[in-house]
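As structure tokens, here come the structures.
What follows is subunit A paired twice: with subunit B in the first complex and subunit C in the second.
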Partner chain A sequence: MTLSSLGKIFSKKNLPVESSNDVNSIELATQRQLIWRRFKRHRLGFAASIVVVLFYVIVLFADFLSTAPPVDYAAARGYMPPQGIQLFKDGHFLSVCEVSGARNMESYLMEYEADCDNTQGISLFGKGYDYKLWGIIPTNRHILGMKDETVDPNAWIHLFGTDKQGRDVFSRSMHATRVSLTIGLVGVALSIIFGIFVGAISGYHGGMIDSILQRVIEIIRSIPTIPLYMGLSSAFPEDWTINQIYFMITVIISLFAWTDLARVIRGKFLAMKDEDFVTAARLNGAKTMRIVFIHMLPSFYSHIIAQASLSLPLMIVTETSLSFLGLGLRPPAVSYGVLLKDAQNVQSVANMPWLFLPAILVVLVILALNFMGDGIRDAADPYQEV
Partner chain B sequence: MLKKFRHGLVVVLLLVVGLVAIACSDEEVEEATNTTNASAAASSAQASGAAPAATPAAAAKPAAPAPKIVETSKTSKAATGDDQAAGLGEGDVSWPSLSDTMPSSFSESPMCAAKAAAGEIPALEDRLPENPLVISPAESIGEYGGTWYRAFTGPADGQNMERPMKDHILFFGTNMTDVQANIAESWTSNADATEFTLTLRKGLKWSDGDDYNTDDIMFWYDHMVTNEDLVPTPPSWMKSGGELLTFSALDKETLQINSSEPYGLLITLLASVVVAGPHTRGDSGLGLYAPSHYLSDFHPDVIGLDEANAKAEAAGYENWAKYMLFLNHANANPDSPMMTAWKVVKPITSEQWALERNCFYYGVDTEGQQLPYMDNVVLDLAENLEVLNLKAIAGEFTVQGRHIDLSKLPVFKENSDKGNYRIQFWRQPESGIANLYINESWGDGAHGEPELASFLTNKDFRAALSMGIERDEINEVFFLGLGEIGGLCAGWDDPNNPGKYIGEDYVQFNPDAANALLDSIGLDKKDADGMRLMPSGEKIVVTHSVAVAAFEDYEGIDSMVIEMWKKHLGIDGKLDAQERSLWSSRRDNNETMLNSWESSGRAGAIITPNHLGVVGGGGFIAVGASNAHRDDGTMADGWVGEWQALYEEAKSDGSKYAPNLKKVVELNCENVNPITTVMNKPTYTAIIKKNVRNVPNPLPFSYHAQTSGNGFPETWWLDGGNQ
Partner chain C sequence: MINFLIRRTVFMFVALWAVTLISFFIINLPEGDYVTAYIAQLQATGSMVDAEEADNLRIFYGLDQPLYIQYFKWMREMVLYQNLGFSFEYNMPVTEVISERLLLTMILAIACIIFIWAIAIPFGIISAVKQYSVWDYLFTFLGFVGLAIPDFMIALIAMYLFFVWFDFSPGGLFSPEYVGVPWSWGRGKDLIDHIWIPMVVLGTAGTASLMRITRANLLDELSKPYVITARAKGLSEWRLIMKYPVRLALNPAISLTAYILPYLISGSIIVGVVLSLPTVGPQLVKALVAQDMFLAGGIILLIGFMTVVGTFISDLLLLWVDPRIRLEAGGS
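Let's turn to the complex of A and B:
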């Protein structure tokens, strides 16, 4: 605290200091407040972070946002195009037209006809299929539900259309978001732990240990990842459940993603270990662990967060591509990769373009995370103009 | 920003490369498997007497007289009412047939005429045999010219052209039942089916102009199939009563084959892919005959071991045997003489596999025009099936059924005018598309659990599972409604239950009956989620093992079945999707509980028991019992044992073949194993240019008759040239 800031406090007529009053004062703001303020000014980054938050809301409430169970099949609804929701019709606030379909034996395509004289009302927070929120709270409330619970399944809501088996693409996308984004989060968390641990040892000790660890990292980074993933994922025992495979894929991805972070952190430690405050701590008899975690690490937290938010999209893309190649998650699990694998054929391009809607979600979340990471990094950079 | 996406872009690029590598079709592997089993089955049939030809049509109507395969020299066959009843044809049937009338004069294509005029090849009369094979085309006498454009998926896709070019010594008619003349003009056998005489056409020529006669068969018999360096173990069809068949040449045109035991099935096998010719089997030293004039220059029996090995080493091969197998592999070695309508000019190992007409081909049409009509066959390499199908949609192929994806049918339909093609379905009678085979030996395997295994062996359990499947849904979703709902025994009246066939009730969706059955066999307890528990209190979980990237989307079909069983029966399920070779090795080791796979036409149940049978090792229904049967002939208990006994009986007594064929399939139906889902979808969705004439309609499909070979592609022609 500088003298001038002290003077400011006292000039406020000795009123008790409230933190809210200090928000506007750059001199008094903590580093966190400074970063937040700067981040808010980074418009793109800030907007992107709202999108990211929305995506994680989907992660938390995937079942609530779904309109149909992700595995609920029906041949009679196969490849149904996206369906619009009507406002204020037939006394309903929201409603859908009844849809009936049959296969045209000339073209062999399913053809659907919307009968808008017969509409089905939809209620917000209506009732739908049973599920357990976060695996604990049993409920059947969904954001959209049919007013008439005994309704004809042909009038179901398919915002993104349906796939080959007549499963609702929107609901599947919601569940895929949950799976793909948590894989990213867990993967990043694991790689941060690995990265900090190895980076700290390497940078703080230096010398022989540093050389060995850096060579190990180089070796790991030199291995082409796709063949490696292929090998590792085929090594899964066949009696594993989807959940186990899901977890292992996260671990595998993070096992190779930590090297980046470890390098960066090592650099930071190398640069900082001879700083005065570190020397002071050491002379005061602080133990290595204390010096590393209490004195040094907090000074570049912001950097780690920025780095993590930038490696998150890579994690998601990796999972998506692994599943797309058939090496990652498999049906009945749903992830972005699994959904896109279904769309990977000529007939989808020609006749069922809505199967590519999950790809838009992928692009959206990857872009948002990248912009957000960019924003955080800029905001956390102490050398940038405030 | 772009910098950050670099990783993403690299991943996407790698992904594309990876896809190309992965998406190669492995259809050939399947066929190879079939072959092994077919030859195994052939050996089993060796002891049978004058067994009738086992073919789909015969099995579809077991009461009909067995097709005559003895003392027929040239059978001429159009589709009959019986064939139509057997599902082989409806509406206007147009099939090619062999003709007994020799044309008064012969003519040749401009391509061959030019070569003859230039002195490269002899005149037509010196190239045709005295007695050519006269084929009456399905619709019309054709005009010469044009190229047959196709695509193949790589060096392992040899069947792509082996099928249409059939160089078998005898071959089938279009109905896949009647054995007809081909390279041999006639054959006879003695009453007890131990001595067979084949008469070759006189004056046959290899594609390089050299004479073809019994020397080529005897060379193969004396120096190839019996040479252990070349063929470590002779194929099982060569053995009868534990001894090798004896071949002897009576003269240049007459071959005699002797068997120590009755071997009624031999003629059928000679016509089928089990024996085939060197184009199909030459790369493993098999195929009944070989170009002796060409190969003897490299064979140690002729030039001595040292020189043979020296030649092989000079050509970059480890030893003479490996070199010889390459030399005899016509698809890869364009120098290898062939007997087929077209001969290879660019090998299958190149980007473009190309063939041109064989001016020495022995077939003519009824007006004496030498066949084939089309000059060239050009196949483009398409390692990725999506790419291949895109080419088909764009109308780049003249005729192609192989590798065409049925689920793209709407796109094919939509573009048929733009691509100027028509679509034809080639079906395989009474074949299952995605059967669920319950491995009743699972309990004895590495992952077996006694309590769960006791349900797998319980017929009521299987019947309940079967009645919990909504087959219409599967048919609509995966096969565009083009399959049929029915059992393996459809069309066979059950004497105990007139008006119905055995197992008919089990292929109907009937959740009430299914649940009642499950309740009655000790699965009446349920957990909180409504899933059934075994008496011990543990949840019953059925694991479906499927191969990924196989013929059908088994992964999709089985995950749908799992949902059906959860929803309607309260039986929990798990999907175990594996890469195909891993899946089949685990299956053969008796480690899998339920496997999803096709079954070829029910008529093959004894000839190729690898799908419906429980004999000869591996298989699906009771892998452990099947392995024990292979290893020391142990007979299992229960219906599996009955199946094995009926099979053994058919093997030793030819007169039991037809009745037992029906009995074993009925055992499958009665015991609900396999659980069939959808039957008889079109095996090939053939994309045919609108101006291609003489493609049989309908063309019944089979592996043993090498469809499209049974459609006589040498008679197909382009009305107005390539368009």
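Let's turn to the complex of A and C:
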């Protein structure tokens, strides 16, 4: 800090903090403002966070964005290629051509042809299948619907094509986004709780408990996790519902993923437990729980958030891998892994490249989460230039 | 230093023991014991098993006893006779089923580590020495992407590209004529011809993180006074960098190897499935789906062992390379 800015603090001390100029000055900004300011300057991280927000919009409005229920199948529409939407044709703003398919008797694959003489109009915010928004509000509005309400949109609109059973890949991708991204969130929440608990005990108490917990963490970290996850999740009973499996998978993933967080938190507690404000709180008679949660924890929220946002993509990858191997979520549940299982066979991907579209979504969301996490971590670092 | 060695060795054995506990836990996870599963399988193939024979089997495997006694029996068999139990799926002892696959998994892991070092260290050095150059940005970007995209996704993309561009699907580690035959020079050469695709796929993430760490460490070292002194003395730039700061920056490279080994093994399971490699990965998936728990538990146990011992070895390596750790460990 230069002398002139020191002077600024003193000179402004007696002035009312009102003008926008004051709010923008580094000396008066709160910690949160400083972090936000640094984050905004981290261009890659900021751009990535916009992508992440878009993905979570999909999570919130998965049903609204889909055109068909993700499990609706029709063998006659199997492996239909993605279909474009026409603009300004036949008096419709948006319309689709009729696509009819016939089985090629030599390759036994369906071959589709678009017949643009016969089109159907599409309306924005049209009506489609019934669903409950956020499980509460019953509605049948979707972002795309047919103008003629007697026509089933699932027979007409396939933005990402269809899979083997004729299910709409776009709608399935939207639902998979919801499942995979929330599994990540729930898993991160669980491992934050676990990590804070263990990290606080370890760092605040120190001594014997600390070294035992640290050794336990080291052991967990030295064992490859994917085989363990696989072993644990293969033991799920056949008759479990999707929700039970979903919940257990998040638990299993966070069972081993909390160690990174616990280490970070322990380090912070260790560094901070002899600070003056902690001693003051202790001398004032505050109980240990109060010191830990009210006095110490808030001072490194930013680090927890940074670490958590970096472990989020890891969790999504883990769930995707497990489901991809057939040991995680099972159909009829939809997640990225379940969708990518269809793309496991090279031949099918080479002939039906649109089955690979969910993979692009996975790569996109993982890259974005990683860049965002990096940005937050840099922004939360108090030694960075503002 | 002796102290450090003893502590490290004790820790390794505790970790190994933890691995046995976890593996045994997984073996016993599915409902019903494995004799029931075995009998069901026998009945499915037509042979009948009477109740007395089933009971005999249970007593033979010690299933009528509490879990901790079963654990001790299993451990004793393992330690004394290297017997990990019996695979019902293959009708063979587990060790026989997985020995070659385990060897190939190990070869793949070692090949990956060599690949990671061979690529990451030179590129890391280049991006640090030529900071903010085109190369630096290129490597940093590639590193980020490699770190973020999951292994099996890279494997899928690689398979797709190979199929589309060269019209062949890169699967397996051997040509058809070398599958399941005893080792020979030809077979070894064939393995080298095939191993590079899974090696690159699996090594990408590790390469990326090691590159970033080498770069960061070297950047720290490059601004230190001893570098300036050496430069002032007129040492040629290349010699100076290679002789002093790089040596220091390499230590984290070794300690990171211990850290990425579990990830490599984890990744090799999934990549093995995608690229249908004859490693333990696809077999683990098959065993778990078929609930052949002795086989699955054996695989989990052995890859756990492999990782823990590998970590131990890389720690010893670090001790040997870095005198500071040796002194510190001796002092405390």
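The rule is simple: the second predicted complex is superposed on the first by the 359 of 386 C-alpha atoms of A that agree within 3 Å, B and C clash if a C-alpha of one lies under 4 Å from a C-alpha of the other, contacts with A are read in each partner's own complex, and residues count from 1 in each chain.
We adopt the following convention: a residue touches a chain if its C-beta (ideal position, glycine included) is under 8 Å from a C-beta of that chain, and two chains touch if they have at least 3 such contacts.
The structure presented is a predicted model; accordingly, all values stated were derived computationally and were not measured.
When both complexes are overlaid on chain A, the residue A:215 reaches subunit C alone and has no touch with subunit B. When the shared chain is aligned, subunit B and subunit C each come close enough to touch A:321.
In the superposed model, A:74 makes contact with subunit B only, not with subunit C.
Contacts of A:359 after superposition on the shared chain: subunit C is touched, whereas subunit B is not. By the touch criterion defined above, A:237 reaches subunit C but does not reach subunit B. Contacts of A:164 after superposition on the shared chain: subunit B is touched, whereas subunit C is not.
In the superposed model, A:287 lies in contact with neither subunit B nor subunit C. By the touch criterion stated above, A:228 is placed in contact with subunit C alone, subunit B being left untouched.
In the superposed pair of complexes, A:310 makes contact with subunit B only, with no contact to subunit C.
Shared contact residues of subunit A, touching subunit B in one structure and subunit C in the other: 225-226, 230, 234, 313, 317, 321, 324-326, 344, 346-347, 350, 366, 370-371. Residues of subunit B that touch subunit A in their complex: 1, 4-5, 7-8, 11-12, 14-15, 18-19, 22, 386, 389-390, 393, 405, 407-411, 413-414, 447, 472-478, 480-482, 543, 545, 548-549, 555-556, 559-560, 562-563, 574-579, 582, 586. Touching subunit A in their complex are the following residues of subunit C: 11, 14-15, 18-19, 22, 26, 29-31, 144-145, 147-150, 152-153, 156-157, 159-160, 163-164, 169, 258-259, 262-263, 265-267, 269-270, 273-274, 284-285, 288-289, 291, 296-297, 299-300, 303-304, 307-308, 311.
The touching residues of subunit A, when paired with subunit C in their complex, are 215, 218-219, 221-228, 230-232, 234-235, 237, 313, 317, 320-321, 324-327, 340, 343-344, 346-347, 349-350, 353, 356, 359, 362-363, 366-367, 370-371. On the subunit A side of its complex with subunit B, the touching residues are 71-76, 78, 103, 105-109, 164-166, 225-226, 230, 234, 238-239, 241, 310, 313-314, 317-318, 321, 324-326, 330-332, 344-347, 350-351, 366, 370-371, 373-374.
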